[in-house]
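Below, chain A partners chain B and then partners chain C, in two separate complexes.
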Partner chain A sequence: MAEKQKFKWHSWATPWVLIFPTLVGLVVFRLIPIVSSLVLSFTKWNLITDPKFLGLKNYVDLFTDPDFWKILGNTLKITVGYVAGSMVFGLLLALLVNNKIRGMNFFRAAIYMPVITSSVAVGIVWTRILGPKYGILDFLLKKIGITAPYWLQDPKLALWTLTFVQVWKMAGYYMILFLAGLQSISHEVIEASIVDGATPTQRLFRVTIPMLAPTSFFVLTVAIMDAFKNFELIYAMTMGGPQNATNTLVYSVYLNAFSYNRVGYAESIAWVLMVVVGALTILNFFIKKYWAQPLE
Partner chain B sequence: MRKLLVIALMTILAFSAFAQGASEKKAEEGPITLEWWTWDTGMIEQNQSIIAQYEATHPNVKINNTVIATDGGAYKTQLSVLAQQKALPNVFMLSSGDIEEWASNGLCRKLDDLVASDPDIYKKFYESMFTSLKDVAKTDYLPGFPFAYVSCDLFYNKDAFDAAGLEYPNENWTWDDFLAAAKALTIDKNGDGEIDQWGYYGYGRYAEAQAWIFANGGVLTNNTTHTFEPNQNALDAIQFMSDLVNVYKVAPSPKDMSAIKYKTIFPNQIVAMFVDGGWFADDFRKNIGDKFQWGITRVPVGPNGQAKVTYGWPDSYVISPFTEHAQAAWEFTKYIAGEGIGLDQFMAGKMPAYKALVESDAFVDMTQQPYGDMQLFRDHASDTFVTSYTQGWSEWVGYGAAESMGLNGAIDSILNGETTLAEVLPSLTESINKILSRYY
Partner chain C sequence: MVERRVSKVIVIFFIILAVAVSIFPFIWMLANSFMSEDQIFALPLKFWPDKLFKKGMWDNYVEAFSNFSFGRYTWNSFFVSFLAALGQIIVCPMAAFAFAKMRFHGRRAIYTLLLMTLMIPVQVIIIPEYYLMMKLGWLNSYLPLIIPSFLAGAFGTFMFISVFEAIPSVLLDAAVIDGASAYKILWRVYFPQATASVATLFIIAFMNNWNDLLRPLLYVIKPSLFTVTMGLTRFQNQYTTKWGLVLTGSVISVLPLIIVYIFCQRYIIENQMSSGVKG
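== the complex of A and B ==
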């Protein structure tokens, strides 16, 4: 009886009342913008007049524009480079700082610092470092008789240089994720492998990396999401150039929406981006079945 | 009972009508509130001072000033949203690059009737700027009120000219004179095989490239067919810019200068001459100080160009076509473009539309650089103003976040020696015409 009285206030509406603020937030700030974005992608809208329905024209224009395929290619290249670079460097850095020696916290903090630094500031500094003639790297390479290439001005190099800077900036974040994974590996397992005579390389590839599988999967998922967030660095370093070499879907959405006032067209690019990210995420979860199973 | 009810209702109705009448009378007599939108975040305090002075002499008018930076398109985006809702501020700044599109969509109040009601308007303001604004907007009516004009000119390092024993540039300079000076000013000072001082630097952006193009009588677009049709003079100008880098080697390529912040190149004496917007006068006053002497003159006239044809654009206020207080907005606009402002509202090198300011002694400030060369901006007032603005201009020229694209991107590639004008022109023309065809 006493138990019943405790929940007297409860009615069928109670959970709805409790989740109402969240529901409002989701509908107003997520669902409505998403649906609006989809609807707008079928319109011509320059912001200053009413949108005009165009049907599939934006998508037809998009898929028949050679620049779009170049931009999509750039986006996928950056994604592959960024995800691979982030995972490799993140893991290497985590292995380096996974030692209990004096001052290690300083190095961990120093490596993490670029993560919390403004992307625009990072972009400007790296532009000064990599710039030809008057750049710091060019100056140093000249001292040892090497002529530096045009890192950000050569269309063949610019995209990979940009990817490198993005990896450099975010590697500290992935280092922290891998470090957490490394520190959760039981010492007993490592010690057992040592007793069994495993070399350090064998321990890394046969014990540590397999046991990091769940962490690696999480890092992979996060890195794929992050790979598409490259607007600030592109804006600060190359503005999509030279010759569209570093233009990506995200940057193209910005250009079309806010520089060219082609909001409807920008939305159609945004939806292509959504499909790409969605497809990669689904693929990721499919791969998970075969990869990130906890060890028996 | 029914009678009582009728009397009560009649009484309520009578009071309501009275109250309504009183309310309307109050609205007529009460203060008018004008919304004033600007983009210069450095002028917030000055704007409040202007408002205080204006409200003191116009007790029936209240002004609300909203200042939004243009960074990242914030100003334009917010203004556009209000335009779509037909809720524009009464008076607002609008970029020359947008005014044609806004006017063609009926978002700029036609000001001709208001101008006609003020016979002294062109005694107080430069008519040439009003004409230029109509040219920019491609309208047969006045879509806004220009408050300043921005011209593009040649800046030069006087100390470098003195050291090379050269005469300073002047209005009569030809491209040959310019080239000869640029060659003499390109110097490897320490003999290490690296140029320490370049004769010239061409940024390749609109304010530089189009200054050369128009100085040679160049035309980029056909305003009848609304297509990109650069004439031979325009192509010759681009070729001349390319030759300065790739043939005469008197200017570094844009990619070679990418490690240096653009606006520090001239103050750091890496180049002896450069062309850009007159507003750099303000920046150089602050950043060069007395480190070296510098001057300003016109961009040299090309072999097919005409003297006193100046590339630039007006900065303008627009009055909302939806405002119910057009007369009040007009009076306020005249005030903020004219008698209500001082020279401190303008960056040095921008030419106010208000004649009294330009003709004041303070305009040619003989206490700081470029001293008497500021007279150039007064002289511009009688020039023929030319621009390249069309709808979609930002996209086809490559402006702001798109500066590596469009015409600017192509000029970059040419100056960088990666392609030639002849190679890039067919694809450039095709892509620009594709953009223009979306608007016309």
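== the complex of A and C ==
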């Protein structure tokens, strides 16, 4: 990182002055809360009276609660659906917008637009679009003779509907990540494959997609992390319902802590989330070393 | 040649389809804000808003701004997001300059800790943070919305570390020989070299704070302090089936960001492209 300087151009205190605000933020708003939340996960607490030490009871309760397994299952289903959806659509969109066509910057910006708008507004407008009877989707489906299901009210379907909206909102983001990968593939490789007589399909599956392996892996890890970030969408669309069908780890932390006043219990859920995210981060770190090798 | 032209037509067709799917919900949001309640619950559904360019066209907007103070919410969001973003473009380059150009004890350790906290979901830290804000007496103020974002901007710090590392160190050497202090070198030499990144970080931080829901939900109880995203959820709860009104609120909440986005999309997309290449 920093190159060696031949002589001292700043005092020992200068870097500390510069990182002081960041250091305060790191300690006060990250490290202390992380440690406190772990400690609190072993207690019974309501934010007002003193916390009572419970040992592992919260975790025992958690792992014997069928609702928790349902919530964990929901989280995994959303993750799988979201990662698959955002990678497939992200790549397809990137292949589309990688063409040289006039006005392409406008098209890219338009597809990216849902990424920058608030999940709350997105959740509201999709609730309207998917609404039973008066929603535009149901209306259009009826025209071609299909009776639409209850997208958000059917407990079997609501989770997938929610996942779809999350993918719709974020697809533009993955499109740009894949586009960056596509544009970093050297033209020589592509040209060589054309000279060798590869058909466009062969070129896609034998050259482009294998060359995208490092990008795909990066996108995969980003997508897994993003899959957990659906608090706002759930709050705006389903509030975790119907019958817990769309409740996830991040949403149930909020519910337990701030609606049910079970703060210690909420912290134990938060730490399950933390362990999942931590494991993925470490896994990512080790696999990245493997992918970071040049492909040639 | 014919084949190539056909494939180009197919590509354009799918791009237009993708654009349509991406922006239709926003158009529908806008269209609904000009519809009467009668039209919203009329079958068969009519697409053209009945009040558009007619008497009472702005009824929903008038109601949103008078009964629910959306004007106030929008201003609050602007205020909070502006200060939080301003904090980031000051604090992040400072830390990044120290990490990128200086050597000090504990530099690696702090760098690694900072990197590790990037991945942590907000739900893991929010409860102790809430307790801290309660003890500080900061509930029902903007401080909990601004200060954490102000001080704990790891993303921006890493962004500026790579920006500063890419600036040739000849610049640093020259400034040092001229006798400039470290602070002067940061603010007068390095910072002005990175204006595009400053703008990008400002926009990203501004948008994140504008769209945030969890913190306003926890920290702000007084309606006069609501941010527009937060106000929108309250609006939604109160007028569950009044779609015209609820979607008008949605339009008000997203429009300022979309306008900013139209002017700044180049910065945002380019920044994201470069983060994608680095992996």
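By definition in this document, the second predicted complex is superposed on the first by the 259 of 296 C-alpha atoms of A that agree within 3 Å, B and C clash if a C-alpha of one lies under 4 Å from a C-alpha of the other, contacts with A are read in each partner's own complex, and residues count from 1 in each chain.
Simple rule for what comes next: a residue touches a chain if its C-beta (ideal position, glycine included) is under 8 Å from a C-beta of that chain, and two chains touch if they have at least 3 such contacts.
Just so it is clear, the model here is predicted, and its values are computed rather than measured.
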Could you tell me whether chain B and chain C fit or clash when both sit on chain A in the superposition?
clash
I'd like to know which partner A:96 touches here: chain B for first, chain C for second, both or neither.
second
Is A:213 touching the first partner chain B, the second partner chain C, both, or neither of them?
neither
Partner, of chain C and chain B, that touches more residues belonging to chain A:
C
Given the touch rule stated above, what does A:274 touch, chain B (first), chain C (second), both, or neither?
second
For A:254 in the superposed arrangement: first (chain B), second (chain C), both or neither?
both
Is A:47 touching the first partner chain B, the second partner chain C, both, or neither of them?
both
Partner chain(s) touched by A:132 [first = chain B, second = chain C, both, neither]
first
Should A:240 be classified as contacting the first partner (chain B), the second (chain C), both, or neither?
first
In the overlaid three-chain picture, which partner chain does A:152 touch, first (chain B) or second (chain C), both, or neither?
first
Clashing chain C stretch [against chain B; choices 22-30, 76-84, 238-246 or 256-264]:
238-246
For chain A, what residues appear in both contact lists, the one with chain B and the one with chain C?
47, 128, 133-134, 235, 254, 258
Within their complex, state which residues of chain B touch chain A.
72-73, 76-77, 80-81, 83-84, 101-102, 105, 107, 252, 255-260, 392, 394-395, 399-405, 409, 412-413, 416, 418
Which bits of chain C are touching chain A when the two form their complex?
7-8, 11-12, 14-15, 18-19, 21-23, 25-26, 28-29, 32, 40-41, 43-45, 91-92, 94-95, 97-104, 107, 110, 113-114, 116-117, 119-121, 123-132, 134, 148, 150-154, 157, 161, 165, 169, 172, 176, 181-183, 186, 207, 210-211, 213-214, 217-218, 229, 232-233, 236, 243, 246-247, 250, 253-254, 257-258, 261-262, 265-266, 268-269, 272-277, 279
Where on chain A does chain B make contact in their complex?
46-50, 127-128, 130-135, 138, 150, 152-153, 235, 238-244, 247, 254-255, 258-261
In the complex with chain C, residue positions of chain A that touch it:
1-5, 9-10, 12, 14-16, 18-19, 21-26, 28-34, 36-37, 40, 47, 93, 96-97, 99, 101, 105, 107-114, 116-122, 124-126, 128-129, 133-134, 136, 139, 168, 171-173, 176-181, 183-184, 200, 214-215, 217-219, 225, 228-229, 231-232, 235-236, 249-250, 253-254, 257-258, 263, 266-267, 270-271, 273-274, 277-278, 281, 288, 292
